[in-house]
Amino acid sequence: MAECVECGAEVSLHDNLEVGEIIDCTTCGAELEVIDVEPPELDKAPELEEDWGE
Amino acid sequence: MADLTAGVVGASGFTGGELLRLLAAHPEFEIEQATSRSYDGKSVGSVHPNLRGTHPNLRFSDPEELASVDVLFTATPHGVSMEQIDRFQDAAETVVDLSADFRLDTEAEYEEWYDGHSRPELLEESVYALPEINREALPGADLIASGGCNATATILGLHPLIEAGVLDGSEQVVVDVKVGSSEGGAGGGDASSHPERSGVVRPYAPTGHRHEAEIESFLGLDLSFTCHAVDMIRGASATAHVFPNGPVSKGDLWKAYRGAYEDEPFMRMAAGGSGVYRYPEPKAVAGTNYGEVGFELDPSNKRVVVFSAIDNMMKGSAGQAVHAANVALGLNETAGLEFQGLHPVGSP
Amino acid sequence: MADLTAGVVGASGFTGGELLRLLAAHPEFEIEQATSRSYDGKSVGSVHPNLRGTHPNLRFSDPEELASVDVLFTATPHGVSMEQIDRFQDAAETVVDLSADFRLDTEAEYEEWYDGHSRPELLEESVYALPEINREALPGADLIASGGCNATATILGLHPLIEAGVLDGSEQVVVDVKVGSSEGGAGGGDASSHPERSGVVRPYAPTGHRHEAEIESFLGLDLSFTCHAVDMIRGASATAHVFPNGPVSKGDLWKAYRGAYEDEPFMRMAAGGSGVYRYPEPKAVAGTNYGEVGFELDPSNKRVVVFSAIDNMMKGSAGQAVHAANVALGLNETAGLEFQGLHPVGSP
Amino acid sequence: MADLTAGVVGASGFTGGELLRLLAAHPEFEIEQATSRSYDGKSVGSVHPNLRGTHPNLRFSDPEELASVDVLFTATPHGVSMEQIDRFQDAAETVVDLSADFRLDTEAEYEEWYDGHSRPELLEESVYALPEINREALPGADLIASGGCNATATILGLHPLIEAGVLDGSEQVVVDVKVGSSEGGAGGGDASSHPERSGVVRPYAPTGHRHEAEIESFLGLDLSFTCHAVDMIRGASATAHVFPNGPVSKGDLWKAYRGAYEDEPFMRMAAGGSGVYRYPEPKAVAGTNYGEVGFELDPSNKRVVVFSAIDNMMKGSAGQAVHAANVALGLNETAGLEFQGLHPVGSP
Amino acid sequence: MADLTAGVVGASGFTGGELLRLLAAHPEFEIEQATSRSYDGKSVGSVHPNLRGTHPNLRFSDPEELASVDVLFTATPHGVSMEQIDRFQDAAETVVDLSADFRLDTEAEYEEWYDGHSRPELLEESVYALPEINREALPGADLIASGGCNATATILGLHPLIEAGVLDGSEQVVVDVKVGSSEGGAGGGDASSHPERSGVVRPYAPTGHRHEAEIESFLGLDLSFTCHAVDMIRGASATAHVFPNGPVSKGDLWKAYRGAYEDEPFMRMAAGGSGVYRYPEPKAVAGTNYGEVGFELDPSNKRVVVFSAIDNMMKGSAGQAVHAANVALGLNETAGLEFQGLHPVGSP
Amino acid sequence: MAECVECGAEVSLHDNLEVGEIIDCTTCGAELEVIDVEPPELDKAPELEEDWGE
């Protein structure tokens, strides 16, 4: 378990977590990067800027 | 198995049909009667083709002869319930009304927004259905007023901000709602024919929409409300633009929404993330009793944009009514309302 | 509660998502694994928004590392299952494959209609899923081939006429099918972008559609088959124009269809009547595992027109697969497939 | 500039509105009168919003008081024109009728397919409009019967095969048509409300459709005809499945179609090729007077599948009527009909 | 007949295809070149099926080899024009660019809203296209920047209120825009596939949309801007909620709008009235270069709600570009832009 | 000008035609490969087999 840096909800983690892995928060959907595993720590993953066209 | 009997007045209508569908699959209810004046004697499947499977033998009957049931759901146009409420209450201990007839608190509000009220003395005893806001008032209630669809979408979106003190009721609030064609009911006129209604973004009730009353009354704030018809059948999507007086962070907002809805069985949050579905949208909840809420912060305008999405046939009417009945009668809150919705899905 | 474990390979796809939804609500199954190569590690709700409610903690995992389960559903593009069938059968006693890889009976048919088959020896042991046609072959089967969506719609429509001897296989049969955009799967190309795909009546696979093989093989007749893409998301509607050699009455036809489907839990008949929904149509069964069939007699042309409608995501793939698994494993046939569909409903 | 005056009876209807639009932009016509009983006195833009720009001052007037004009277009429901034809012909030298009232050749056919005919003596002198089939009969005609939309689509598809001798009239012909909701006209009933009509593939007129008469009469063959309503507003798409008695090559087919249509100003061919639009489809011609035809060969079934697509409001009614008037009066054939259609386009 | 030659860079795209369509029917232009890298050598009709009729022999060619023309329209993604502007200006005296590359006035704005600008010295000489706002600056301009679609809709709605002094720029302004799928261009990703994009009311660019820059720069006010994708292909509908500081009557509003647009050839007003189409809506202008504006007064909230609707492919891009070229070159302003649109019409 | 092998219509050709180039017939849409340039000769281009899913 770790806390989502976006919304504060608990994020369940799987066993063989690796640094650099991207997981999403199931409460808010934020993409989170695993920055440490012992203890698990998450940070917001860099976002792709989206181009909406027009 | 089923311990309680239920009746539906207005069962040939859109929300009436949904009630039949939900009650038929509900573990605790047995449908005793489904009324329609125009289809009296016909099978329910002749109007609602999805019910051919489950109710081959259920037929519409005359609303003048109401069977005695445990719960009576009334899904008639505005005005019918207030006229017939005595008959309805004679037929059932618990009446759940889907119209606007018992939603507001005072006769004065009915004077202002509708054409007055013929049974104002009942307004105090009637209970607004929306369990997320009003759960504790429901157990034991015997006259339940299911909320308006656009009002429900808006209230679900804004309530957490008021509860958490992000808004104090003095702020500017603009709500821009997009709705599907089932909101108009099975009647419909010229404007709702397929050639005229397809592909629209059509302002309707641009100002002075009656749901404004309901929302303002429940939230205790003034709001500027505008509706647009868009090309879907089910769904109401409310976008509220609010301007809090003080500074607000994303953390504050998450705290407000998680605080309000984390334990709610029918509420989901979506506010960013990746993929196609990043914010609430009606098709993600179509066919279900779920409500989705989410938000985005616009620091340069000191604005919070709040999104909420429901299926007007479910969370916005029939689903909410069954949910409220579950709470009122002490049943399992989610009984009969477990359907998760579809993906992919068009505009259900 | 749930006694059996299930896995889904290709769980990020359209039929894979439906399988997750059905299995999650199924009383006998527990989802053990949902694979996706592209979304490995992500929550299933990030792809299938309707599953945010039920599966907050289920994440996609790598199909290279298959968990051991009781039943493995494989929902991958044509060709994957025949290559990986040994791995799949190692992981599970019962494999239900949704692709075309094990539907036909002989290597020769795969040579003619596809690019051959890499494991022809398995074709004999694999069992076609459609329980209305093949129920008795399913119990105990360990390799089940779920049918093609257009094939299913067509077979359900024509099978009773053959069973009843109205058709003997020598007649002219024209089948004109209309399909929704979910048939193309989550991939999609230029032709399936919203601006290009909306509002179409677009001939596709005008001749030589591969499902012809499946249908001819099961029905034992030759048919002239043409598909059109139309503007819906879910749904396959097959209209068969047949010219029986001898005279046929409406009574004969009803006898054939009632004989075939009266006791089927998922089949409904609609052939005339009053109201808006008089014949089968996809939106009346959208979201459900029901199939609708019906017909009309055209005496002046000695023709029978047969209509059938299914939801390609359900009766045409995921629903059929779960139905077949229920039968194969001796479970309650309708378990997890009770959803009745919606009314009103757009193009779900 | 404009030398001829025109009137439209039934101008508040769907085809009537199209006529107004076309005539307004037509270099040779001046609109003198647009009738409507229900909207008498109202501006045409109040019903047809697209005409607000061009006709700010044109108002509907009473059909009982017909102005004298050069050409009168009558776009009223079946039966009205045959009753009022004397008044119409008093008002104008040339009458172009969009209803079915003067399409068939003999009273007997009206007995068989309709409810008889009150002015059978006019059937001989009336001329069917479709210029691709009937151009030489049009110059100087004073009673022109514009074709049915589904009939037009079907005739355009099959006519070349008969002309070229690929079909001799003895063959099995199955025609499966898909149509948009504007075919029902501005009236519409329950079945054409947006919630009920959206997303459909709905069999309607499964057998015995009246356009069969028109088609059989013009093509000299028997056909098995079935219609489906699909989710678009404009458009009729006919798929004909034909089984020529002798062998046919793609070259033979191209020769037939190129021979028939290469010099036609409003016909386009599409039969294969690459890209998204490979065969005729309604949205490629929506809003235009074009017809698209194409085909595919199915050697294993000795079948030719013929596709044709038109906009029912244009080539299938108002456009065809103006085209025919252009030919009848010796004007430039394409005058007022040059619009090329849109890309991308949804379901116009 | 045609005196001027034109080229289109990006002619295989959505706005490029519209340009070809408009230029082909334009009395003063001859199309000299249509570029596409991906479809080099293919006929334009293979991509834009509506052009099969008019341009049977026009083929795409390589943008690296630009023909010399009088006017070059460039319809490429953001960033391309600023990189290649020298080549474009070498090829043509007048360049009309449809991208955002030359819309803003200063380098600083490009730093804030985009990724900076590589040719900031050209920003001063470039002229914003929208003739209703900027007509007098256009004659003789040689670098014209056609406006953004959502910006155009918003500016057309709000500009009259600023001109008339109803707003002074200090007020709260909320703009809620609904857009069709063609705004995303022919590229499109996952979110724009038909199954995912159909039936949506999907918040996108909920805050910080780049068109905010354009609007604020032209109108001189701050605004809170939010976009939603809805189920249509063409169309942008902007609803602005504004709160004037002083009292405003309907008369004041009509005066402002009539003052601004009464003589404009492409502007229509709709604000109440009867019938189905009472306020601006995209489908009433689909396929045309018209803009519709209208409003409603909400006295209880001291709010004015302003509605405006355009076709993003026309008034929002290709139509505006041709309109601006007409003005810049001293041609008839409406040349090539006379199409009135359709009724009935779905979601074109 | 060359003749389309699919439908027989005339196909207009541009000046610097090259062998191997693919052009489409504007009458029937067929993809045609330039197999000779003097005189120009066209043949049907090999088609991609399409998979319709399902």
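We just call them A, B, C, D, E and F in the order they show up, numbering each chain from 1.
Definition applied: a contact is a pair of C-beta atoms (placed from the backbone, for glycine too) under 8 Å apart; a residue touches a chain by one contact, two chains touch by 3 or more.
Just so it is clear, the structure is predicted and the values come from calculations on it, not from any experiment.
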Among all other chains, pick the one whose mean CA position is farthest from the mean CA position of subunit F. B
Where the centre means the average of the CA atoms, what chain is farthest from subunit A? D
Using the touch rule from the top, work out which pair, D-F or C-E, shares more C-beta pairs. C-E
For subunit B paired with subunit D, centre-to-centre distance based on mean C-alpha positions, whole Å: 45
In angstrom, rounded to a whole number, how far apart do the mean CA points of subunit E and subunit F lie? 37
If you average the Cα atoms of subunit C and of subunit D to get two centres, how far apart are those centres in Å? 38
Distance-wise, how many Å sit between the C-alpha centres of subunit A and subunit F, to the nearest whole number? 52
Could you check subunit F for residues that touch two or more other chains and list them? 24, 27, 29
Which residue numbers or ranges of subunit C touch two or more of the other chains? 14, 46, 52, 182, 186, 195, 198-199, 232-233, 275, 286, 344-348
Write out the stretch or stretches of subunit C touching subunit A in their complex. 41-43, 45-46, 52, 56-57, 59
Which residues, counting only subunit D, touch subunit C once they are in their complex? 172, 174, 176, 178, 190-191, 195-196, 198-203, 206-208, 222-224, 226, 228, 230-232, 235, 237, 239, 241, 243, 275-276, 278-283, 286, 294, 296-298, 300-301, 303, 305, 307, 309, 344-348
Subunit C touches which residues of subunit A in the complex? 12, 14, 21-24, 26-27, 29
Quick one: which bits of subunit C touch subunit E in the complex? Just the residue numbers, please. 14, 181-182, 186, 188, 192-195, 197-199, 233, 346-347
Residues of subunit D that touch subunit F when the two form their complex: 250-251, 254-255, 258, 262, 269-275, 278
